[in-house]
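Structures are listed in the sections that come next.
Here come two complexes built around chain A, the first alongside chain B, the second alongside chain C.
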Partner chain A sequence: MYGLGLFKGLGVTMKNLVSPSRQFNIVQYPNRRASPFDLAKVDNQNPVSFIATHPLKTLRSLLGLETITDRMPQHANFRGEEFAWYDRRCTGCASCAKYCPLGIIKIVTGTSGVNQQEGQSYDIDVFDIDIGRCMFCGLCVEACPYDALHMGSGFEEGKYRRSDLVINIDQLKSAEKKPSTWFRPQLTSRGHDPIKGSTADWEEVGRHEKPSLEDQSERWAKR
Partner chain B sequence: MATIRTEPVTINLGPQHPSTHGVFRLRVTFDGEKIVDLEPVFGYLHRGTEKLAESRNYVQIVTLTDRMDYVASMSNNLAYVRTVEKLSDIKVPERAQYIRVISVELQRIASHLMATGFLLNDLGALATPLVYCFRERERILDLFEMLCGARITLSYMRPGGVFQDAPEEFWGSLNTLISDFPSYLDELESLITTNEIVLARTIGVGLLSDAQAIDSGVTGPMLRASSVKWDLRKANPYEIYDRVNFDVPIGSSGDTYDRYYVRLQEMRESIKIISQCIEQIEPGPVRTETPFFIRPPIGEAYSSVEGPKGELGFYMVSDGGISPYRFKVRAPSFINLTPLRDMITGWKMGDLIIILGSIDIVLGEVDR
Partner chain C sequence: MAPTPALFISFESLQIFFAGLIELIGFGESFKWLATLLAGISISFLIINVMVMATAFYTWFERRMIARFQVRRGPNRNGPFGMLQPFADVLKLIMKEDTIPDEADKPVFTLAPIALLAPTLMIMIVIPFGTFLPEDAFLSNLNIGILFIVGVTSVNSIAIFMAGWASRNKYAILGSMRGAAMLISYEIPMALGITSVLILSGSLAMTEIVSSQSVWFILVMPMGFFVFMAASTAEMSRTPFDQIEAESELGSGYNTEYSGIKFAVLFLAEFMAPLVTAAVVTTLFLGGSQGFDFLPGGIWFALKMFIIIFVLLWFRSTWPRLRIDQIMGFAWKTLFGLGLFNIFLVALEFSLADQFGGLASDSVSLTPEYMLIIGAINWIITIAIILIMANVVGRKKYTRPEPTPSPLANMGIKES
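On to the complex of A and B.
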C-alpha cells in the first residue's frame, strides 16, 4: 500500500521523540542555560532549599542568565592534551622523542657543570612538545621507562598562533597534573580519574609490580 | 518537425561535492539526463602513506594505518599488525585475539552504520536516518574511548597483541550495547527496508553481476551482494573466527538494495560474533613483549583481513632493518571502484549518487 512507509517513519520519529531511553544525548557545548533545578543539582542540594537559600541565583536563572558547563562524559583513559610531565621522575633519556612518529618532542639536556654518574639524571634545559602537530597516539607515554610523561585529558586548547601551541618546559612544570590513565594501570587501580579533577603528584604515578595471573583473573576477568 | 541537434555535456562532479563522500571527482558525460560515460579522478587526498611508512618503524606505522580508512581504524590496525606478526613470526596471546575480534566487529558495525546512513542521505532522506545511525555509532565510539582513549584514530593494536587490556566497565557497557542493538536495527529496518521510495530508487539500480564483480576484484559486502559467498573470515579464518558461528549473508541480484541489505544483515552477524566472544574470552595476558624496534628477518609477507569494506591487505618487504623496505596496501575501497563505470553508465544523475553511495568508499583509503 502506498503511503504506509510515511506513517511508519513518522511512528519511529514519534517513538524517538517521547521515549526517554531513545532520545538524543545533546551536549550544549560549552555552556548551557541552567534552571534552578540544574543549579541545585550542581550544588548537591534539594531544589526547595536551594531556592530558599539562593533567591538571587534563582531569579537570575529564571531570567536565563545562569549557565553551567555542560560536558560530554569522558572516560579516564582518554588521550588528550595538557601532558602531565613530572620533572622529578624524568631523567632526560629522550625515549619519548625517539618513539614519536612525527618527531615533535625536542629535548636538550646538559650536565650543568656537575659530573654525572650512573643512575643520576640529566639536567633538562629544553622539553618542547609541539602539540599543534601532535596526533595523540600516546607512543611517547608508552615509551617512557620512568613513568614521567602522561597523557592529559583536555581537548580545548585553542590558540591564536601556531607557536603558542608549543608547550615548553616551564608550562609543563607549572601545569596542574591531571594524568590520563591511558597505559598507566597503576593509576586505574588507584581509582584516579582526571575527568573528575583528581590530581596525582610525582610519587603517586609510579608503576607497581605487574599483577599476577591470579590477580588478573580476580579483577580483570569480570564481565 | 526537424530534430534538434544535441551533443553530450561533460560535467565535473566534485572534488568538493557533499555526496562524493570526500574529495573525489567524477568527470561525467551526459546525454540529456542519461549518463553515457564516466571517468573517476582521484588522488586529491593522497598523503603518501606507503612512502611515509618506509621511514618509520613497525610500531609507529600503526598510527599511519589509522588515517587510511578513518571510519574503520580498528580493521586497518588489525590487518597491519597481522602482517608484521606474520613477517616476524610473533605469537599473539589468546585473550588479545578475542579482544581484537570484538573490537574489529564493533568497528564493522560502526562502519556499516555510517554507510547505511549516508546511503539514505544520498537518497534524499535528509539527515533523519543518518542521525539515527550516528547515535548508535556514538555508543560504539564511547566503547572505543574506554578501550583505548580515542574515538576515531585508535592506534589500539600493536604487533604481538593489543597495548592494554579492556577496563572493567567496558564489559558491562558492551553487554548493554549488544542487548540493545538488535532493537535498534529493527527500528532502522522498519524505516528503510520496506519503504516504497527506497525500494523504487534502489531495486534494480546499479546492477553488478557476479562474474563482473569477480573480474573486477571487488570484495566485501559489495561482492556478497552480487551473490558470491566469499568472506575471508570463513574462507581463511584468522584470529579466532574459526571458533565462532556466524552466517555470511548474500544478496540475490547485486543491485543497490542488496548492497544495503547485506550490510544490515552483517551487523546482526557481528553482534552474534561479539556475544560468542564474550562467552569464550578468558583472562590472560594481552600482549607478547616485543621490542619497540622490531627487526623482522629478510623476507616478504602479505596478510589480509575482511574489513568492513572488503579484503584489506598489507604487503611488506623487510630488509632486516627497523622499517619496511616496501609497504603496499590493498585498499578495498579503491578496488571496489573499478566497476564503477559499468555500473553507472546508462543511469541518471540521481542514480549516480546512490550507486556511488552504496559502494561505501572512504577517500582516505582510496587515495592513501
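On to the complex of A and C.
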C-alpha cells in the first residue's frame, strides 16, 4: 500500500526509543558512566568488598557521577599513529622514505656508527615523519628491510598545530615501543599484543633469530 | 469551568497594580497611559524570558529525544544529563565574532533575525493557557485571535527572505527562495484547516474556540487536523519539510552567513516555532485547557502541548527531507484539495445539523451529540479517502528500467 513505508519507519524509530536493548549498542568515548561492578573490576576487587570499602564511590556511581575510561576492542594489527622505530635496527638505508607515496619521511644521515648485525651503517641525524599528512598505508613498514620501523597502536594524537604533528627523531627514540603486529607475523607468533599494553624490545621485533657471535665472525671474518 | 482568580501575571492585574502605584506616588489622572505602558513592558519582558528559557530546555529535550530515536546518546556532558548544553551553546555563540559580509545589505541583514523572532513571540500573547496561568491569554483576549495568528505567522516568510537576500550568498538566496515559495504555498492549507475549525466553533476568539469544543475537534474532523498539522510543520520548516535549511544541499540555507548573536537569535526563533505551533494546535484541535478536574487547566494544556511536540519530534527523527517539487506538489495537489473538501464536508454537515435542530444554546456551535455524529461520519470518510488514495495512487509502482545489455553480449562472449 502506498505510504505504508512512512509508518513502518515511525515504528522502527519508536522501537529504538522504547526497547532498552537498542540503547546498549551505544558505545561512549572517551569515558562512560560506570556501575559499582565496573569500578570493582577496575580496582581488581570483588564487588561485595568494593561496595563495603568504598561506600561513597558506590553511591556516586549509582547516581551516575563516576566515569571510567573504556576502549572499544581493537585488533593488534591496527595501523596507528605512534610509529615504533628502533634506532639500533635502522641502518639509514632510507627505503621507507623512498617508498612513501606522499614523501613525508625525511631522513638525513652521516657516515659513522656500527650496526649490531650487519656491520657498518649510517649515523641518522634527522628522521621526521609528518603524520599530519600520513595516510597510514604502511608501505614504509613493508619496505623496511631490517624491521626497524613498525606501525604504532594508538590513535589519540590530536594536536593544536600542524607543526606539532611532525614526529622527530628524539620523539621516535623516546616513545614507548608498542609496535603494531601489522605486516609483522613474527610479532603475532610471539604473542605480542600492543592493545593489551605489551611492549617489544629491539631484539624481539626482528624477522630472524639474533645471530650468535660465532655466526657473525664466520660470516664476516672469512670473506 | 469555575472562574478562578487569575494569577498576578495577567495584563489587567498588572495594569491595576501600576495604576495604584502611580496613584500612590501622586501623579494624577493624566498619567494613566503610563500604567498601561508599564504593564505592557513587564508582560512582554515576562513572555520573552519565559519563552527563551522554555526554548532553551526544549532544544536540550529535542536533541536528547532525537538521539534516543536514532540510537545515540545526545548531549550528556554539561551538567546533569547534559541539561546545561543550551546555555553552553548560547554562551559560545555570544562570544563568537559577529561577522557581516562586505556585500551584505547591512540594515536588512541585522533586522532579519528580529523579524523572524518577533512574530513567533507575538503568537504567544493570544494563546489561552487555562487556569494555572492567566485565564484568558497572556496579554489580550483578542476577539480575532486566530486571524491575528494567521496574519502574524505570514511575516515569517518575509523574514526568511530578508535573511537570505541580504546575505548576498548563493546558498542563502537559494534557501530563502525555496522558503518564500514553500511558506506562501503552505499558508493556504493552513488557513483552510483553520476555516473548518471556525465553521464549528462560530468564533474567531481563541477562548471561544476552546469553550466550543464539547467534543475535541481532532475527533470531529481528523482530516482538518491532518491538513493543519502538515501545513504548520511546513510553516516552521522542520523535517520532512526543511528545504529552507537543507544542511546537506545548501550549506545551511538562509542562515549560511550568520554568526554570533544573530545566529543565536535565528536559532532561537527556529526552535521556538514548535512550541508555539504545539500551543496553537492544542488550542484549535485538542480542546485547549479542557480536562478532568483533578489537575488545573494549565497542566492539561502543557500535557497536550507535550504530546504534539513529541509527535513532531518523532516525525523529525524518522522521515527524510522531501524534494522541493514534492513539497510544492504535496501542498497544491494533496493538502489544498483535502482542505477544500474538508471545509465542504464540515459546512454541509453543519447546515444539515442546523436543519435538524442541533445547535447548542449559544446558537453558534453544535451540541455534543451532533458533534459525535459528525465525527463518526468524518472518520469513515477520512479512512475511505486514505484507502482510495493509497490504492489508486499506489498502483503506479516504480519499475526499474531494463538494464542496458553489456557490450560483450553482442560479441557472443558469455560473462562469467
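Heads up, the rule we're going with is that the second predicted complex is superposed on the first by the 168 of 223 C-alpha atoms of A that agree within 3 Å, B and C clash if a C-alpha of one lies under 4 Å from a C-alpha of the other, contacts with A are read in each partner's own complex, and residues count from 1 in each chain.
One rule holds in what follows: a contact is a pair of C-beta atoms (placed from the backbone, for glycine too) under 8 Å apart; a residue touches a chain by one contact, two chains touch by 3 or more.
In this text the structure is predicted, and so the values were computed from the model without any measurement.
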Does the superposition put A:I26 against chain B (first), chain C (second), both, or neither? second
Would you sort A:V12 into first (chain B), second (chain C), both or neither based on which partner it touches? both
Kindly classify A:Y2 by the partners it touches after superposition: chain B alone (first), chain C alone (second), both, or neither? both
Which of chain B and chain C A:L139 touches, first, second, both or neither: first
First, second, both or neither for A:A52, with chain B first and chain C second: neither
Which chain, chain B or chain C, is in touch with more residues of chain A? B
Going by the contact rule set out at the top, does A:M151 touch chain B (first), chain C (second), both, or neither? first
Looking at the overlay, does A:V42 come into contact with chain B only (first), chain C only (second), both, or neither? neither
Doubly contacted chain A residues - partners chain C and chain B: 2, 4, 9, 12-13, 16, 25
Using the touch definition up top, name the residues of chain A that touch chain C in the complex. 1-4, 6, 9-10, 12-14, 16-17, 22-23, 25-26, 28
Contact set on chain A toward chain B in their complex: 2, 4-5, 8-9, 12-13, 15-16, 24-25, 73-75, 77-79, 99, 101, 135-139, 142-143, 151, 180, 182-183, 185, 188, 213, 216-217, 219-223
Which residues, counting only chain B, touch chain A once they are in their complex? 56, 59-60, 62-64, 66, 128, 131-132, 135, 138, 142, 145-150, 153, 155, 163-165, 167-168, 171-172, 175, 187, 190-191, 194-198, 278, 281-284, 292
Enumerate the contact residues on chain C facing chain A in the complex. 65, 68-73, 314-315, 317-319, 389-391, 393-394
